[in-house]
Every structure is written in C-alpha cells, then in structure tokens.
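Shown below is the structure under consideration.
Chains: A, B, C, D and E, in written order; residue numbering restarts at 1 for each.
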Amino acid sequence: MLHLTSPAAADSTGPKRRGHKAQLVAASMAVLVAAGCSSSGSGSKGASATTTASGASSSPTSAAAAAGPATLTVDQANSPATLDPGLQYDTDSYVVYRNIFDQLVRRDQKTLEIVPWVASSWTNPTPTTWVFQIRPGITFTNGTPLTGNDVAFSINRILDKTLNSPQYANFSVITGATGTTSSVTITTTAPSPTLLSYLTTLSIVPQQYVTQVGNQQFDLHPIGSGPYELSSWVQGSQVTLKANPTYWGGKPPYQTVDFRTVPTAATRVADVESGAADIALELTPDNATQLKGNSSSQVIAQPTERVAYLGLNVLGSTPTSSLDVRKAIAYGIDYQGLISSLEQGYAQPVKEVLSPNVFGYDASLSGYTYDPTKAKQFLAQSGLGHPTLVFATSPAYPSSLVQAIQAELQAVGFTVTISTTDQATYLKKVQSPAHDWGSIRYGIWSCSCLDADGVIYPLFHTGSIWSSYSNPAFDTAVQAARTSLDSTQRLSDYATALNILQQDLPGIGLWQYYAIDGANKHISWTPGPQETFFIPQIKWVG
Amino acid sequence: MIPAEVAAPLGPAEVPAAVGAEPGRRSYRRVLRWWPLAVLAVAAFAAAFPFVLAPNLPDATDLVGRLKGPGTTVHGTSYLLGTDSLGRDVLSRVIWGTRISMTVAVIAVVAGGVVGSLLGILAGSRRKVLGGVIMRFADMVLSIPFFLLAILVVAILGPSLVNTVIVLATVRWPRYARVAFGQTLEAHSREFVKASVAVGVGPWRLFRRHILPEVLPSLIVVATLEVGLMIIYEAALSFIGLGAQPPTPSWGAMLSEGQQYVSTAWWIATFPGLALFVIVVSVNRLGDLLRDRLDPRQRSPR
Amino acid sequence: MARYIAGRLLQAVVTLLGVVTIIFFLVRLSGDPARLLAPQNATATDIARIRHQLGLDTSLWSQYVHFLSQALRGNFGYSYVQDQPAMHIVLSRFPNTVELAVGALVVALGIGIPAGILSAVYRGRWPERTLMPLILVGQSMPAFWSGILLILVFSVRFHLFPSSGQGGLRALVLPAITLGSLSLATIARMARGSFLEQLDRDYVRTARAKGASGMRVMFGHVLRNALLPVLTITGLEAANLLGGAVLTEVIFAWPGVGQLTVQSVNSRDFPVVQAVVLLAAIVYVAVNLLVDLLYGVVDPRLRLTGAAP
Amino acid sequence: MTSAPPPELSPSPPAGARPEVLVECTEVVKTYQTAASLLGRRSMRAVDGVSFTVTAGSVMGLVGETGSGKSTTGRLVLGLERPTSGRVVFAGQDLASMSGGDLRRLRRQMQPVAQDPYSALNGRMRVSEILAEPFIVHRTVPKAQIRRQTEELVDLVGLPADSLDRYPHEFSGGQRQRIVIARAIALQPRLIVCDEPLSALDVSVQSQIINLLRRLQAEFSLTYLFISHDLGIVRLLCDTVAVMYLGQLMELASRDALFDAPAHPYTRALLASVPVSDPLERRSRARRPLGGEAERDPTTSQGCPFQARCPLAEEECRQRRPEWRQVEPGHFVACHLAGPGHPAA
Amino acid sequence: MSQGVTDDQVPAGQDPVLAVEDLSVCFEAGRQLKALSQVSVTVGRAEIVGVVGESGCGKSLTALSVMGLLPHNATVTGGRVVLEGVDLGSLNGRQRRDLRGRRMSMVFQEPMVALNPLMRAGRQVTEVLSVHSLLSRPARKERTLALFREVGLADPEARYRQYPHQLSGGMRQRVMIAMALAAEPSLLIADEPTTALDPTVQSQILQIFLDIRDRLGTSVLLVTHDMGVIAEVADRVTVMYAGRVVESAPVSEIFHRPAHPYTAGLLASIPARNADRGRAEDLPTIPGRVPALGEITAGCPFAPRCERAQTRCLQEEPGLLAAGPAHLAACWYPLEQDRLPAPARSET
C-alpha cells in the first residue's frame, strides 16, 4: 500500500516500503509471526462481495485511548516530500498524510478483510463496474461535506497524466470514476481482482478546494477529512498535525503529533531511549537488539507483506544470463544464516519471491536452500570459471546485507563487484530497457495489495520496467490471473507462474521482511502487515 | 588573568645575533617534538604493507562472529579490536583503511598542490592579466563552500574512490594557488629577486632558483595541513556514502557503519575514528612544526 | 568610500556570476534531467515533452542564457522532487542552518578568543601548554566522529541534551559544539597569533611606558588591534560553516540546508543542490563584503577622513 | 665628471675630450595607481618630469627626503620600471623601446646596490652561487673558470676567500654589502645605481664601504648614480648632486657649487638641517629649522611643490610650476626666485 | 671605580635626576648572554645626556632597563637604577608603574609603530593623565591641546581628533613627545628619536628637546647612533661598546679630546668630518666589526679591533678610569690628550 519514489522507497511501482518500518504493537514476536503467517492468502478474496459497514471494524472511536501525552513525537527517516496524496506515496509522506485524509476503504487489522470506511458499502454490478455508497455526514476541515464527487475527483486526478502522479500505475486499470453526492461509480478496462486492494491506498481530497487553490497551494496547505489536520510544516524538518475536533470517527487521542525527520537510525534509537521521541520508525534489526536492552522502550516488530529478494539479470550480457550461474547463486546463499545473524531473527524464510501472507503464495514449492557444494557444481557446470558479478545497489539498501551476500558468493567462487549509485540513478539504471544494470540487485517488494499480482507481475513480466526476464508462458499465466475474479483459478495460475520462476530463477526470494519500529514503553500499537500508520490506532497505556 | 608586566619586545638590532645551541639537557625534548614523524612513519608502513600488519583479511566475513567486542576469539581467530556487523576484523580493516586514507589524501594533495601552486606562481609572476584571470577564478571556486562543492561534484561524477581523489584535488587547488600567489608576489618584491632580475636572470631560472625556493616552504606547510584535511574529507564523503564504496575498508565508511552501532558495539566506530584522529593530529602537528621550521613568519603554538 | 563599495559590489557580482556559470556547466555534466523528472513509466514522448518544458531541447548556450536570466530574477529552477521553486525550499531550511551556524560561532568565538588570548599572554607556560594541544585535538576531530561521541555521552548516557532535532537552546548545544570545534581551533590559533604579534608591537611598549597597567594595556590597546585579523577569519569561518554544517546536520538530524543537500544529492534533485551551492556562495561573498566594510568601521586607517600622508 | 641635461650645456669636462653621456633622462614621469583601498583609487606622481644626464665615469648624487621619488628614479634608470612618459636613454638606447630579451642583455651594464644588505641576498644560496649567477646567466665566462672569477670578486671587495662557501646569514651587514657590491660588479657594468647603500650600516662600517666604492670606481671607471638622504656621504662621494623634492628636481649642480652656493631655498634648508659635526659649531649657528614636512597636497598641484614650506614663497610660486633652468654653467634650478637678481641667489 | 662616577660627573651640589649604577643585564637564550656589563650613567637636572654607540652596543637596552621595560628574555643581574633618589629595584611592580609616564617617560624611534594605530592622537596623550589620575577629564584635554601647541603641532584641535596614520612622521613624533611630557616628568628618555625622520624634520625635533630642557628643565637621556645628533644637543656623552661604557665626558671633551681609541675611531670615520679629504684618500675606518654578544672574550672587548692593543688589553678588562676632569675612559692606554685630533673642520 505504500509507494515510494523517495530514496527510501526502493524499487516499486507497486507500493512497498523500503527499509525498516513497522507498526503494530507487538506484544510478543511469536504471536505476531504466527498471525502473519496465518493470515496469508486472505488478501483480496471476496472482491465481489457486498460488505456493509456495520460489522466491520475498528471504528476510530475505539482508538481514542487512555490519557496519553498531549503530543506524540514520531521520528521518521526522511521528510515527507509532499502532503498531496496524489503526488507521492513514499513511506514518509504516506505515514503523515494518511492521517490528514480519509480512505475510501480500509483493511481490518486482524482479519485483513477489506472493510468499509468512507464507503459504507459497495457493489460490483458487472465485472468492470464498481459502485460505492458514501457514508453521509463526513466533512472536510474547511466545512465542505465529503461527497462521491470528491472521491471521483481524487481518482481522476491521479489518472490525469499531466499531474505526473507516481500512483498512476496502481490505478491504470480504471477507465474513469463518476460521482454523485452519495455514491461513486468506477469502471475498469478489465475485471480487476485487485482493485479494492489498491483503493485502500486512495486518500480523498476535497474537489472544490483543490480546484480553487490549485495543486501547488494544495500541496502546501492540504485539507482533508481525517483525524488530524496540518498545523505546521517546516519543510524537511518537521510536520506537526493537530487533532481534527470535528472528526467523524471520534476524538483523536493526541492533541498534536510531531513527525520529525531523523535520517540516522542510531539517532532515532537514541531519541526513543532518551525519551525525545515516542516512536522511531524504520529501525534495523541491530537497532532492535539495542533497544531491547532499554527498559523504557520497546521494539515493535512485525512481519509484513514485503518480500526481500534478489533480482537476477537474465536478459543482459552478464554471467547471470546463464541458468547455471543463477542456480549457483541460489544455492550459494546462506538464507538461514543471514536471517539469524544480520536480520537477528526478524525475518521468515520464503520459498519464492512472495511473502507467505500474500494471495498466491505457494507453500508447496521446494525453493532453494543453502548448499555451497551444489553452488560450486553449478558454477563449474556453467563453464565460466570465476565470473564477475556486478551487484547493483544504492545507499537506500542495507550495505551490510549486500556485503554479506557478496562475501558468500565469493566464497563459492564468484567475483562480486558492488556498484553503488544514488537511489535515483540506481532506479533509472535498473529500469533501463538495455538491461545493462549489472547482474544482481537486492530489493524488498510489496504491493500493499496482499496479492501476487502486485509482486511477480511487475518484477518479472516481459517489458515491465523492473523485469530483466522474459518468458511467454509466465506472462500468459500472470496476465490471466490479473483479469480474473475467480480466486481458485487465480491460485492455479500463480502456481504455474511460480513454478516457472523456480525453474528460470530470474529472482530469488530471500525472506519475508519484518518492519521494526521502536517506541516508548507506554505505546500500545499493532500495525498490520501493511504497515499502516493510523494515529488513532496508537494507544497510550499505563 | 593578565600578568602585570606584559613583556616588551626587542628590536632586531638588539636581539643577540648568535644564539648558541641549547644545552644538551633539552635536546631530547627537541627530538621528542617530532613525534608526529614516528606516528606517520608507522602509518605509512601500514599503508604500504597492510598485509604485513593486519592479522586477517579486511573483507573476510564471519556472520556468526559479528559484533564481537575487542579481544574476542571466534572460530579460532582472535579479534583484538573486535568485529563489525559482518564479523570482519576491525583491526585489519583499520590497518587497510590507512592505505585508503593516506593514498587518497596524498594523491589529492599532490595533484591539487602542484596544479594550484603552478597556477598561483604563474599568476604571481604575470600578475597583470593572466594573474587576474587565474586568481579571480580561484576566488570563485573558493567562494563555494568546499564541502558543498565536493558533494556536488561527486554527485555528478558518481561516488568512487578515484572520483574522491579527483574531487578533492580539483576543488582544493585554489587554496594552494592563493598561497603561492601571495608568496610569489612577496618573493618578487624581495631585493635579491630584483637584484637577480637586474643581473639578467631569465624567467625560468628566476622561478627555479629564486621564486620556487621562496614559495615552497609555505606550500609544504599548507600541503601538510591539507593532508590532514583531505583525510578527514575523504572520510566525510565516505560517511555520507559518496566516497569509497563497500566493502572497501575506508575509515569514513567504517565510521558511517559504526555510527549505527555506537551504543551496542562502540568499537566499530571508535577505532577507525581514533585512527583517523591520531593520523590527523600527527599531520597537523607536523604541519605546525614545519611551519616553525620553514615558515617562521607565521609561528604557531607549540 | 561610495566608490569603493560600488567597486566591491561589482566584484562580488562578478564572482557570483562566475559561480553561477561554474555550477550551471557542472550540473549539465550530470546527465539528462528530463529522465530524472519523468515518472517511472514515462514514454519517450513524455520525456520529450518534459525536455521541452524545461527548455532542454535548445542549445547549451541558449540554455545558459536562459538560466542566467532566470537566476537574475531569483528563479533557480524547480525541485524535481517537490513541486516548488528550488530556492524556496532551500530558503525555508536556511534559518535552521543559520541558527546552527550562529550557535557554532558563539562556541568558536566564546571559547576560541579567550583561549587564544590566554595562550598568547601565558606563552610557554601552563595555560598555553594545556590549551594549544586541546585546540589541536579539536581541529583534528572530524565532526562525524565527535558528534557521535557527544551523542553517546551526553544524550544516551547522561540524558543531558537531546540527541537530535531542533528546538530550543538545549537542542542546539551538541550540534553547535560539534560544528564549532573546527572553527574554534582556527579562531583560537588566529587570536593567539594575532595577540602575540600585537604584544610585540612598539605601541604596547609605549603604553607600558605611560605607566598603564597590564589590564589596561591588554584591553585598552592590544585587544582591539589583535581582534582585527580575527574579524576577517571569523567572517570566513561564518561563511564556511554553511558548508561545514552538512555532516553535523546529518548526524544531529538538524533540519537545515546541509541535510537538505545530502537528501537532494541522493535523489539527484539538482536544482535544489544548485540552489544550495549558490546560496552558500552568496552568503560567502556577502559576508566577506560585510567584513570588509566592517573593517572600515573598526579600523580608522581604512576610513576616508582627511588625507593620509 | 659632471652631468646635466642637454649635454651641450654641461660644463666643460676637465680633460679635453667631450664626456660620454651614459644616462639621459628626459621629462620622465612615473605615475602609480595606489592600490584600491577604502580610500578609492588614486594616482600618484612619484616622479614628475625629471630630466638629467649622468656622464660616464662620474658619480651623480640624488638626494631628497622620504617620498621625493629618488628611489623610483633609480629604478627607472635601471629599467626595472617603465616610465609613464618621458624617455630614459642608456648608452644611446631608449629603455622603453626595448624588448624583454634586449633589456635583459643591457642589464649587464647597469647594476643595483640596494639599501638593505639583509634582503638583497638569497639566503638559500651560498655566496659562490650568488656570485656565479651573473656568469651563468650571461655565459660570459666558461664554466670551469667561474670559480676563479668568483674568488677574484670576493678578493676585490675585501672578503676572505673562504667566504664563498658560506651562506649570507653568516656575515655581518657590512660584509653582506660587500657581497652585494661584488655581485654588482661581476659583469663589469658601466653604471651602478646605489640606493641608500650605507643607511643600514653602522658608522664605522659606512666608511669602509665608502672606501670600497671609491676604490672600485677608480679601478673600473664606473659610473655611480648614488641615491642618499645623507648629505655628508653625498658630499664625500659625488661629483654632481641633484636634489629632489616630491617627485621633482629642485636643483642640480656640481658638488662644490651645490654645497657652497646652493641656489634653491630647499637645498639651503636641507643643508641647514644637517647636524653639526662638532658641538662647538652649534653655538655659533643660529638654528631655525625649516617648518613643516614634505607632503603632497593634491589641491595645489600647479605651483612649486616646495612653496608651502618655502620661506620666500610668492604668489607666482603658488600659481606656476617653476621651469628647470640653468643659472650657472652646469647649475640648474627649478625656482622662480633663484638666479641672478633674485632674492634666493 | 664606578663608585666615584656619580661624584665625578654630576656638578657638585646637585642630586642627579637619574643614576644608573653598575647595571648588568643578561639575556636568557639557552644560556646566559651578558648584554650589559656594569653600565653607569647619570643625568643631572636639566641636562641632556647622550648615549651613543653602534648597533648592539646596549644603548637601547640601558634605556629600557631604566624604564623597566626589558624584554621578557632579559633580566637585570646587577647594579641599580636610582631615579630622583629612589632605587627603582626596591619598588614593586605597581610602584614602578606609577613612576613610568609620570616621573620618567620615553620617546621611541618609530613614531609610526609606537603609537596605537586605532586610537586617536589626543586620547593617546590624555591616557597618560588618566593612568596617573591627573587632572579632571576636561582639563586633560585642555592640557593635551596645550602640549600639542608646545611641541609645535599646528591646529591642535584637529590633531587631537586624528588617528596616527593621518599624521605625518614628524607630527607623530611630536605627539609622542607631547605624550612623554604630559605628566611633566623629570626625566625623558629618547631612544633614537630622529632616526626615522627626514633631515629637515630631524632638526625640528631636536630643537624641541632643547626647548623643553631650557623651558621646563626636563632632563633628557638621549640614545642615538648619530654623532651629529650628539653634537647638536647633548651636554654630556656616554659612549658604549659591546654592552659597556667605554667613555664618558662632556660633549666637547668627547669631540675634541676623546680618550678611548674607539671613540676616536668613530669620530674619525664620520663622513661629514671628512668632507674635505681628497678623493683618492681613504677615509679612516675601524677595522673589523662589532662583536656579537656571544663573541665577547676576556680582556678589553675592543682590543681585537684596536691598533693600540697590548697584551694586557687582551687579558684584562679595563674599568672606567679618569682621563681628565669629569672625563672617564675604559682603556689601559688612553689616547694622550696632546695627541688628540683637532676639531675636524671649522665652519664654512
């Protein structure tokens, strides 16, 4: 659900958060891990169901917690580039602006079902038509009521190419949206099993205000209908939100919330330890280990829908165009060793380039395990001797992991050169149609849709900007799955696709990624696998 | 706070012309003052032959033995200064890091120094038009804060060790040019230079025999102090990810990595920082000593 | 005097024009900004459209002329990342860096000048023998190390000061010390050298011959003379703090221009980097100009009052 | 033996043959742009329309106070500075019209001896290297013989032979000045421009150097342009004396004429200000020092530069700059009031 | 020997304003270097005493010792300085400071650098008065303006407000003198006060010294290397060589009947006294050069350069011996009075 183009954002057209970040107050790691696993596959089933608001959910009211401090201070790694929901969805912006705006639909934190939010209910009259009823009585903080027109406007402005919205790809299946006061109708080019998932990322902006002040002013002075409104924004340094007293979901728990930009992870840890911040986002496993030793703070770690993977360049003129080489690499990595050492256990092994909690995950695949002898055999079989692999990366990725993989691959006979460029250059390089970016890259992928479509389609489909791989059989399978509303059929399509990937190895799944945040011990908060950051869900106890 | 009697000076004529050697009792002190040379000799040896001194390979990882404190033995290898986040030997990396730091700093200083000095001397000798152009250009470069300019250039060229050297040299030359220019002007105003001109000495010989020897001491002093700065700046660029790339054992990169572990594994950042600090202190002190020796006009604190 | 100021202003403008030119061509070396600006799924047509929007499809020379004319109007381009004028973004961060720089300068001057005076007056005695090595240490301690150590000791261990961020005097202490330590060394050395030089001047002997006390000699005569060169170096240091603040800001999460620079470099947001560099150059030139003019106020020798022989 | 501008006006040479004019300055002006400062840019006429000639083999003294332009004149004659206007001709060649290379070759024939023997020698070179430099540059002497030549030079100026292997700092001021002189005569120049060569030396050493200069002049028929503010030394050494004041020549005459019958009020004031050499004299001399000091006054640039201090100044002196005229054969003066029939005479 | 000096030199019935007795000063430069060796000088009331010698002879050091302004690496190792009956050595720092500027004051060689460049001329003079708490604030200015007039500064009001760089060399030296005279000291020490000045200005300044001596009765200790200056203004002369007093006598004695060969040689080599010599004839000179501080060996320090030196001169250092009435010379073989050269030149 989060998308990033900021440096932090790592690769993804689809949503995903890079680095380390979390939500969910983890009472205990074990429970969390179990929960994450068990929820797998629950993603977007029931897309065609009609759901009503009543039963579903975590009403914001319930979030209004015990008496906490008037101000909640949150350290994030980067500053929000913008607070206009149409313009960015890098993690850092997303965390902030999702509290200013409301979403059309949400996922239940526990069941991961899609539940009503601004839309009180919805129907799916034809495979390509969706009609949402808008909950009455919601107003923007400038007093204008929120209507279906606002929802339609929010979608259509993303579809408008002149806005250059980075979210365009998520919604490109939509042909258009039309609104009335109480409803909004969305049409799609083809049946879309993931539409509702993507709509969880949609924030609703006030049509009248945006058209009146223009995009640029709106960016600086955003107005929404969420639990908080913008109080002050020192660009690059701090965003302060204040509670929206007229919020339809009840009184928000903290009078103000400060989001501070603290790029150095060690400093964020120190801030939590010293009490300067209540929550520190995006910590490393080692930070977590450190924070655990501090009695006044806690680690909030949580398996996410993100998968850590290695992308291998099949198409470029690089040793990895040889299948033997790719297999040698797959056998040459000590997954369990990396999980227990570098990741400090904050990771879960996977068998493919998918997180177990994502729809389409196939637990029956064998996957690859660490076997240096086999690795050397395959390398020898390739006849390339000791080929040089170029490991493309950027400072946005943990350099220790990259170096560890480098060391392991060198141990089985490769020569590995690390090529670091800044994030923007890295992205351009990797996405170049020439496929000349190198041999291996590391990434963490999520689509914030809990669906395989958001992962393997962009990563491996022929011609996708992230893909350095091409296989018509694979393309056919993922294409079929993306336009079907029948989940059984889809699962079988993905099984086919994943089998092909296991054979061809255009990428290697490393593990399910954990979001790790640090917090004051009074914080009680359980972010879901989608790493949402809704302030009303963050409670203050004892 | 202020002594009642502030010492008054002597005119040159009154100062005893021949001051004899200090008594032997003090001579050991005079030798000890040159301790930076000893430190730098060790560093130079480490830079030239790191494989002799380093007990382990700088990039040998051992994930089980990661983040072990100084003095730990893992898998039969003992780590005197502990291990880093990949289980690499901090001591060996610090020793190999000497090579990076010293090489980058010395090449950058030599390159920037030679170019800057020659331009400065040229400007000082042909000060009408050419000199004006050169020094104006130097002023422009100098008016951009050095580190910002370095960041900009690295960002454009892409981060790498070679580019670090190029950047440090190209961005730093005006410093030498300024000094060389000033010293050259001063040298040209010296009577003996005028006398040589009057004797008919041509520009080349004038430069070689009279100007250069006059200008060189100050330049050597500046260059020495610059070496210290360059070591710091190489580390600084690596620190923000724009210098040496992993797994190159650059002190700055080690510090950058170690910063994450400063409260759990203090040794990762502390030892490269200490090494950096000791080398820079030594270089700076050496610069001061050289200044006293070569450039007595700007005596420095002891 | 007016003529002099006009001349210096002209010189400053020429310098800045040069800086603008240098930066323009440097940045053009960095590749096609249109590709950076384009969304990830942009087509060749999209990129061409952006190129046209930015005027990148014209010749380098006309781009330069355009850039110059825009720069003269205070327009230094739009950020690639945030939809705002680059200079606007930089200026919004600028006060924070100024706050940090002022703090650092206070540290540098407040400690550096007394330290310099003490070690000059007590030359060869214990105050000098203690202070000067300390200053050498300060000078040799890279900010990214000393900053980390300060955080470790004063924030994590003793909770005396906040470890990061901006807000109030307490938050300023550690970053200001970190940033100020290098300037402190420079200023202390300059002050010491300057005082030593002035103490050797004949007018000091004259003052003593009048029967003036040590205090009077020091503060009535030497101080003002000795601080003149310190003024120059302070100006340079103040201007340089802007560039030096990068590391300190990164370590202490200080939301200033330095941090912005690193962020912008990482996202290749060159208009912003360009604006930062330009602003820094403007500050440098302006501070230098100011110092020069200030000199005229402080030093009567440079004032136009009656004919000099 | 003596000199003066237009040569035909020079007094008859002592021994028949018409003396060769070695240096001829005609209306030489040198203007300096003072460095930009808060005071703004200003130009200053360091030398302001000076004309004189120096006859080969003679010693011409140039006296004046601080800022009188005498040192600048010396540098102009040496070709180390180019005149803003006017001509400096050395041995028939106009220095201004010469190329760098030609000028360098001509330099052999004229050498400076400067005031400060401490800065005049390159402290990094041995005396032998310093003295060899002229030979190396001009290749006048085969390499093998350079050492012998330098030995001769040190001997000539009265230094021990072992001086050659020592560095300048090992010598006293007077000895250094001997080295400077040795270097100056190495190429057997025709002209030596001595700029205050004695003022940095102690009295007892001064007389040693004076003796040396006199001996060398006699031995090599050198021509000296001797710049000094010390009238006693000038009187001892010079054949003709020119007096400068604020960039202009005030008076030029043979030594005896100048000291015994000064025509310009300034010259007379200058002579009067010389301390007595015997305490007995002071009691018989009514001292009335000249008031004021030599100061450039930009507001009254058109008159006589000395008029502000001149006890005799009249209206004309304030209005018009006095022309340079001959009052006696070989005796020139720039004063409205000098000459026969004038009160200054 | 030196015991008798003061009695010999100062006219009977008059206490000397200044008596320097057997003063020795050493430099610390790794080892002790004796810069002054038993120097004795007296200055009577309203008397101008010249101290003359070549560079390095210790004449300036003597002056600085009197003022108590020795450089930090120099220390007094013997003898005493008595100012108007007060032994300065017995005073503490504050008391000595109180005498400086008030009872004795000093004029230095380079008025450009001896004045504080950042302080207006007037204030530099009034400072003397405020340091010693003399007069009221407005009166100090009045006094300063009067002093300015006294030393011949035209337009005193303007000078009062000007900075040193706005004054000419001569005016600066006048300001220095006004400063020295401000508190009406009994002793004025002038260290090469005219050396940096042009001849015409030099004679103006010398005239001021004569004036103040005559009108205010100020005693002057005049340090110079210039025999001409001595001849112009000094009443008595002390000749120094290598840190010692070699001769001391009334001025006409020194010029006409020098007893020490050094004095005689110095006088003989003055260019102005040789103006009438033939061009071919060499000037008389003193061979060799002044010894550096570390080079002084046993015996008479002048012996190595002295044509008259005997064995005794090389072994034993002569003290000051009477060479005539009020005339002392440190020489074993002083020039006989009848052999002395006549006055070099008579007036033209």
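Everything below uses one rule, namely that a contact is a pair of C-beta atoms (placed from the backbone, for glycine too) under 8 Å apart; a residue touches a chain by one contact, two chains touch by 3 or more.
Fair warning: this is a prediction, and the values are worked out from it, not measured in the lab.
The chains that touch subunit A as well as subunit B are C. The chains in contact with subunit B as well as with subunit E are C, D. If each chain is reduced to the average of its C-alpha atoms, the one that sits nearest the average of all protein C-alpha atoms is C. Ranked by separation of Cα centres from subunit D, the top chain is A.
If you average the Cα atoms of subunit A and of subunit D, the two centres end up 90 Å apart.
We define each chain's centre as the mean of its Cα atoms; on that basis subunit B and subunit C are separated by 21 Å. Between the Cα centres of subunit A and subunit E there is a gap of 92 Å.
We define each chain's centre as the mean of its Cα atoms; on that basis subunit B and subunit D are separated by 49 Å.
Touching of two or more other chains is recorded for residues 4-5, 7-9, 155, 241, 259, 262-263 of subunit B.
In subunit D, the residues that reach two or more other chains under the touch definition are 293, 295. The set of subunit E residues that touch two or more partner chains comprises 55, 69, 97, 168-169. Of all residues in subunit A, only 5-7, 13, 75, 78-79, 81-82, 87, 161, 164-166, 168-169, 215-216, 219-220, 234-238, 260-264, 266-268, 270-271, 273-276, 395-396, 422-425, 427-428, 431, 465 touch subunit C in the complex they form. Subunit D contributes residues 78, 80, 104-105, 107-108, 110-112, 114, 116, 119-122, 124-125, 133-134, 136-138, 180, 183, 186-187 to its touches with subunit B in the complex.
Interface residues of subunit C, counted against subunit B in their complex, comprise 14-16, 18-19, 22-23, 26-27, 29-30, 118-119, 121-122, 124, 128-129, 132, 135-137, 139-145, 148-149, 151-152, 156, 189, 192-193, 196, 199-202, 204-205, 208, 213-215, 217-218, 222, 239-240, 242-244, 246-247, 250-251, 261-262, 265-266, 268, 270, 273-274, 276-277, 280-281, 284-285, 288.
Residues 54-55, 168-171, 198-204, 206-207, 225-234, 251-252, 255-256, 265-266, 269-275, 277, 279-280, 282-286, 289-290, 343-345, 347-348 of subunit E are the ones that touch subunit D when the two sit in their complex. Those residues of subunit C that touch subunit E in the complex are listed here as 201-203, 205-213, 216, 220-221, 224-225, 298-301, 305-309.
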